[in-house]
Amino acid sequence: MPEIRRPTRYRPVDAMRAPRFTGIGTFMRLPNVTDMDSVDAAFLGIPFDTAVTYRIGGRFAPAAIREASRLLRPYNVEQDVEIFEHVSAVDAGDLAVIPGNVEASYEVIDKGLGPILAAEVVPLAIGGDHSITLAELRAIAKRHGPVGLVDFDSHTDTWDNYWGERYTHGTWCRRAIEEGLIETSRAVQLGIRGSLYGSEDRDGARALGLHLIPTETLLERGVDAVLPEVLTRIGEGPVFVGFDLVEVQPQYDHGEVTSLLAGTLLHEFLTLIALNCRDGSSVR
Amino acid sequence: MPEIRRPTRYRPVDAMRAPRFTGIGTFMRLPNVTDMDSVDAAFLGIPFDTAVTYRIGGRFAPAAIREASRLLRPYNVEQDVEIFEHVSAVDAGDLAVIPGNVEASYEVIDKGLGPILAAEVVPLAIGGDHSITLAELRAIAKRHGPVGLVDFDSHTDTWDNYWGERYTHGTWCRRAIEEGLIETSRAVQLGIRGSLYGSEDRDGARALGLHLIPTETLLERGVDAVLPEVLTRIGEGPVFVGFDLVEVQPQYDHGEVTSLLAGTLLHEFLTLIALNCRDGSSVR
Amino acid sequence: MPEIRRPTRYRPVDAMRAPRFTGIGTFMRLPNVTDMDSVDAAFLGIPFDTAVTYRIGGRFAPAAIREASRLLRPYNVEQDVEIFEHVSAVDAGDLAVIPGNVEASYEVIDKGLGPILAAEVVPLAIGGDHSITLAELRAIAKRHGPVGLVDFDSHTDTWDNYWGERYTHGTWCRRAIEEGLIETSRAVQLGIRGSLYGSEDRDGARALGLHLIPTETLLERGVDAVLPEVLTRIGEGPVFVGFDLVEVQPQYDHGEVTSLLAGTLLHEFLTLIALNCRDGSSVR
Amino acid sequence: MPEIRRPTRYRPVDAMRAPRFTGIGTFMRLPNVTDMDSVDAAFLGIPFDTAVTYRIGGRFAPAAIREASRLLRPYNVEQDVEIFEHVSAVDAGDLAVIPGNVEASYEVIDKGLGPILAAEVVPLAIGGDHSITLAELRAIAKRHGPVGLVDFDSHTDTWDNYWGERYTHGTWCRRAIEEGLIETSRAVQLGIRGSLYGSEDRDGARALGLHLIPTETLLERGVDAVLPEVLTRIGEGPVFVGFDLVEVQPQYDHGEVTSLLAGTLLHEFLTLIALNCRDGSSVR
Amino acid sequence: MPEIRRPTRYRPVDAMRAPRFTGIGTFMRLPNVTDMDSVDAAFLGIPFDTAVTYRIGGRFAPAAIREASRLLRPYNVEQDVEIFEHVSAVDAGDLAVIPGNVEASYEVIDKGLGPILAAEVVPLAIGGDHSITLAELRAIAKRHGPVGLVDFDSHTDTWDNYWGERYTHGTWCRRAIEEGLIETSRAVQLGIRGSLYGSEDRDGARALGLHLIPTETLLERGVDAVLPEVLTRIGEGPVFVGFDLVEVQPQYDHGEVTSLLAGTLLHEFLTLIALNCRDGSSVR
Amino acid sequence: MPEIRRPTRYRPVDAMRAPRFTGIGTFMRLPNVTDMDSVDAAFLGIPFDTAVTYRIGGRFAPAAIREASRLLRPYNVEQDVEIFEHVSAVDAGDLAVIPGNVEASYEVIDKGLGPILAAEVVPLAIGGDHSITLAELRAIAKRHGPVGLVDFDSHTDTWDNYWGERYTHGTWCRRAIEEGLIETSRAVQLGIRGSLYGSEDRDGARALGLHLIPTETLLERGVDAVLPEVLTRIGEGPVFVGFDLVEVQPQYDHGEVTSLLAGTLLHEFLTLIALNCRDGSSVR
């Protein structure tokens, strides 16, 4: 993981010099840079949605999140951090995935993440559908071996296949474990809830070695009580952190609000990096 | 109430055989069946909205709820129930109510519910405006006599009339009590809140013998504390259970979200039936 | 082509008996029937959108068109035809295509169309993206050999591939000609317009033997002048008729309006069939 | 009909003194006046929609049209008329119709129109659904006897009943002729088009003595050619003029655009009055 | 502050006499009155949005709030108050601010508030953007001297300028303190949260003497615990109370929901006045 | 005017290499370049909307048009031009205008246009409200002296002031003539229509020397007949060409459709440039 370089080279356009509705809509109006020199964290769009089984359209998510992110300011009040005093961040653009072709797109993702990971830059990846995580984990494992997992999701995504399709937004986690990309002893899924196809859905995830913390547990015990359990489980070593916006309640599941929320999650991540979180983190 | 028949005859189309966006949009993609043989529960649309005093359009609700219900899966995670292992359920279609004519529509509802109740099938009725409840209660009382009531609503719906109109979404409960359809000693209304026309609105409901549990009580004492009080009050015997989606906060009061919510409430009901709830329940 | 059977067996629910907002939302509230006995025309949903290169979401189109079609009435005023006096029509449901997999879905389409074509029923297919036409033409050619083509579209859909993908909404027509499914001497495309990637886009279509009638020609010469030219070209024999709703101006390209328009096109087709059009027609 | 009084007493707020988005939203920001003294024309809302058989919600139309009408300016460019130099106009508010009760609402309309007609003020009535026209014609006939009719609509509205209901948006015209409110020899309907329930729909209207000019005739012959035919038919004497916004193509059938269109139609009417049109006109 | 006059002269139209969707859309359907005789509280629109740095459009807020307020009823259930038994309230219309010109609009506000304050009527002002508060405070200070402040907002609005502009929605509070309009020892801001430009944003507000209660404090300690601290701080004497709807979570930040919320806040204020709150209150 | 340089240096990302929904959303996915070397035409956002008197929000237009322009392809079919074979074009970003301050923003525009005009690059400017045209014309006049004008608009924008404000979207044209920026003998306005404040609105424009071609003239005589008159009037010499999207019918006046339309107009302009139009053109 990168040692944070100061003074930071890349930061958002200053809103006091140019109103936030002006300028090309990169993430938080960061520079659009693909050379990873002097970069700590890179926003990366992966607009792939072929592997989603119901609500499609995630291909437009990176563009929407960039527009919504104009509202984010550089200081995190609750954490008291001036993010870009500590982090040099850029918008590295989108990967040119191939709509309609999962495996070809996985190769595009692998090639696109390579130079970022090689430069020890933290990628902040935005999908797209959750199937891209498998490709991300493959790229990470090439360099770091299997990693821990903190996955905020309402589903375990450990189905085996849909209609014979083995690479989908609902199967990536099973594939990743089968391919040895995740250290299951260091993996945890938070927020599991909602209706399922059958009881085997949860049981199957547990059989794979995943540790599930359902939403009802979070509500009963409280986040503060659950957090130490999560930290103990993931222990030391690199961890992949992911968010599935299904996690968010469905009433917010569209348009500007979801986009702004996704941007806010990335904002929190940049704060964490600024706080010297040196784990191999990625968000989607 | 029906003894649950196994193996169940009717269940949703399997999402692993046909994606959930395919197929005719019945409720949860259940079979569209009107013969009540081997049926435990029947979804029934009552698209009547003539008796609403402000926001009209509920005639389109059953169609909207059907479309949204494609997202519901057959396993209830929190309750750990495979619903359709225990319940044979169908979509019995809509009643052909007569827009603009309350009393003629009440007769349509009475005739439509008859065969369902006669077959001891639990009707899961979706309005439409709340005025249909009076017709439902009339049909039930013919067979069972007066029943208990659990009504989730923000209003008591015990006004006497609006501009001389005696059958509206705001007067059905007073009419039902006057007609002897509800055992008021076994009736409770939960979630009363919001602005009213005057203090007589609450007082009048109490004078009719209703037991009101306002939203502020639910928030102060908590659902877990209030629930035993409700169960004690309704005691033994058949109960009519209703939801007014006004109960939901108004920010969700439109489009797909409300429809999905209504579907989710029915999903919970199917779960209850699967858990051997043998009361004479109906939802709207 | 079928000899029209009278009296017709299947027709929409009578709006004077049940208001049009009631009932399960099949196309025009026709019976949902899959047995093709005594059927002249069958509405068939093919909710496949994996092969679209930009605006995705066509998987929800059949459901949307069904809801919008509640507004269509059975008499065509301009043509003076009581459609269902002459045509027995049904809604045959959707094909269970496999999102994310073009070739597997093509097989589903082939198998789904087979019994309809075998019964000499006119299929009225609604996509989905334009890529499904290749599968439809394959199924038709198995039975009828190559057919004529009348294609209303703003693009020729004769690109060779997108990013290496050979089966997409922009390549089906080239593939169909390569596979010998279309008699190009009996093929015509009407309404070509808009920006393109390069001049080879039109030239390539002409090199394949297609006859193009651009929008500017339609506007300059008028539909009445162009129509005889089209009829002369297609001559005798079975013809596949298709509509790409891109043809519609983009301001109408979403929501209820597009759905209603698609339904209206099918309404016109049913009228044509009622007028004893005995060509092998299909719409998408 | 009124002799136009000058100088006009009531006119819109001057947009050069208060921006058009300011102020209480009356029609065109005219004074909200119910005393008909020194008034030539009065905007009158009749927010009744109980008698509509499909798309409900017209009760919110007068409010929506008022808001949209902020955009209308007082000079008609094409006619070269400074409207309020010649016409004193007001917004007379809404009639307190009774949702759910057609006949009681008809009495409200009759009582509400009385003083306006008695004062020889031209009412510019905005519905609501088309059923209100029957009540308007009744009120007019009391004072003027039967009148001519120019009705812009896509349907003849001469059905006999819907599900037994005789007073609906589709039956008012038959009822009006039966009640002797319309001089059919001086009546014309323009713009008839679209799908119908059967051929008897048009035939029935003609049997009642109505003169229909379908949309296809308007398109073929042109408005300029058709207009003299209309004027000849209506001849001398008071005429009721009505618009059904179904006339507008359905792609505009919602929200601000429809409201603005309705406002623009009223603007044209005010222009006509300013041009000394002295017929007994009303718009809905 | 006014002594409440009984019986009250002005109250909303009775919903049992005219349905709530009828009538000119004033706030809560109160009389549109500008003479302040026998008035206790006056709704006043200030549709000014020139001084907003990002999301513009607040000029349409007063009109939207008026329409949404049709839903508010006159009895406050939780407080058990029949509001208009105690308060005579009117809708005084909008001020004719000048879009594009902050200082000229400030003068319009000053002149518009004058007669209301002179009559000791409580103004319930709805913006517009938050910059109007400076003008309101100036008008109040002319009569009452500096006042206390209870400001519900997520930002302190104490920036010095934006791009050289000193009068904006983010600077009014600093200007007001500089101009001596606020007694900072009696001022409190509740709900501060979200990302900022830098740590100086909060520090600067505190340096001006403001007392900040961040959202995290409200969540940790609870409203009941914080309230006495607020009351102690503001002590005796007139207080200006303001709400910035940014305070509301952004998912509600548009359309009917926000408007209804704004109306509900005013409803609570009218209740407070009815409860004999005699402080010099104003809402925006 | 520039001599067109070949081979062109800057062109859009190839859609056959990266799907059009990928990548940072510049106009047509052109390079975001501010150095004007080897550039023929530059898209330039001027997101200023302070000077609009009614519908505000144009500050978000450049961002919206960029997103919508992803759909534009590089070949103009009707004109048979491969645009970027002839034109090197870039997206030069937005000018950092100052919301709330017209005159300061005019200076920003003047400084921003300077280097583009100095480099003899054709600016394709997108507002924002129409008031920016005055600043554009000032910048052009500094270099070229007064220019001809072809203005597509429904209003003449020759009002003198609104509420004392002299620089607004409705007054720029009068100011430009007063300041000697337009050669009125070479100026023409097409598409004048709609309601106005009074007859002096048109008369005033003519008194300034403008030549107006109302919409009714365009409809009666046809574009082909009017075009030579326009070309004769503008004659030789540099011309400023502007579009006010009010020109578009109001039903399209929002969201993606308007944005796509604006993009299409720029596409036509790029085509014109490619066709060796060597006039000093600019679009807004």
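Some notes on this structure:
To keep things simple, chains are lettered A, B, C, D, E and F as they appear, and every chain counts its residues starting from 1.
We adopt the following convention: a residue touches a chain if its C-beta (ideal position, glycine included) is under 8 Å from a C-beta of that chain, and two chains touch if they have at least 3 such contacts.
Treat the numbers as computed from the prediction; the structure is a model and nothing was measured.
Using the contact threshold fixed earlier, the set of chains in contact with both subunit C and subunit D is B, F. Between subunit A and subunit D, the least number of touching-chain steps is 2. The chain with its Cα centre farthest from the Cα centre of subunit D is A. One of E-F, A-E or D-E repeats the interface of C-D: more than half of the contact pairs, counted by residue number, are shared by A-E. When chain centres are set by their Cα atoms, the one at the greatest distance from subunit F is B. Rotation angle relating subunit A to subunit E: 120°, from a CA superposition, given to the nearest 5. Shared numbers divided by all numbers used gives the overlap of an interface; between subunit A and subunit B this overlap falls below half, so the copies present different residues. Remark: subunit B and subunit D have CA centroids separated by 41 Å (rounded to whole angstrom). Subunit B and subunit F have Cα centroids separated by 58 Å.
Listed for subunit C are residues 17, 19, 21, 53, 59, 96, 98-99, 163, 251, each touching two or more other chains. Taken together, the chains touch in the following pairs: A-B, A-C, A-E, A-F, B-C, B-D, B-E, C-D, C-F, D-E, D-F, E-F. Residues of subunit D touching subunit C in their complex: 53-54, 162-163, 192-199, 201-202, 214, 216, 250-251. Subunit A contributes residues 17-19, 21-26, 32, 45, 47, 59-60, 62-63, 66-67, 91, 93-99 to its touches with subunit F in the complex. The touching residues of subunit E, counted against subunit B in their complex, run 15-17, 19-21, 70-78, 80, 82, 251-252, 257, 260, 267. Across the complex, subunit A is touched by residues 49-53, 56-57, 59, 96, 98-102, 104, 163-165, 168 of subunit C.
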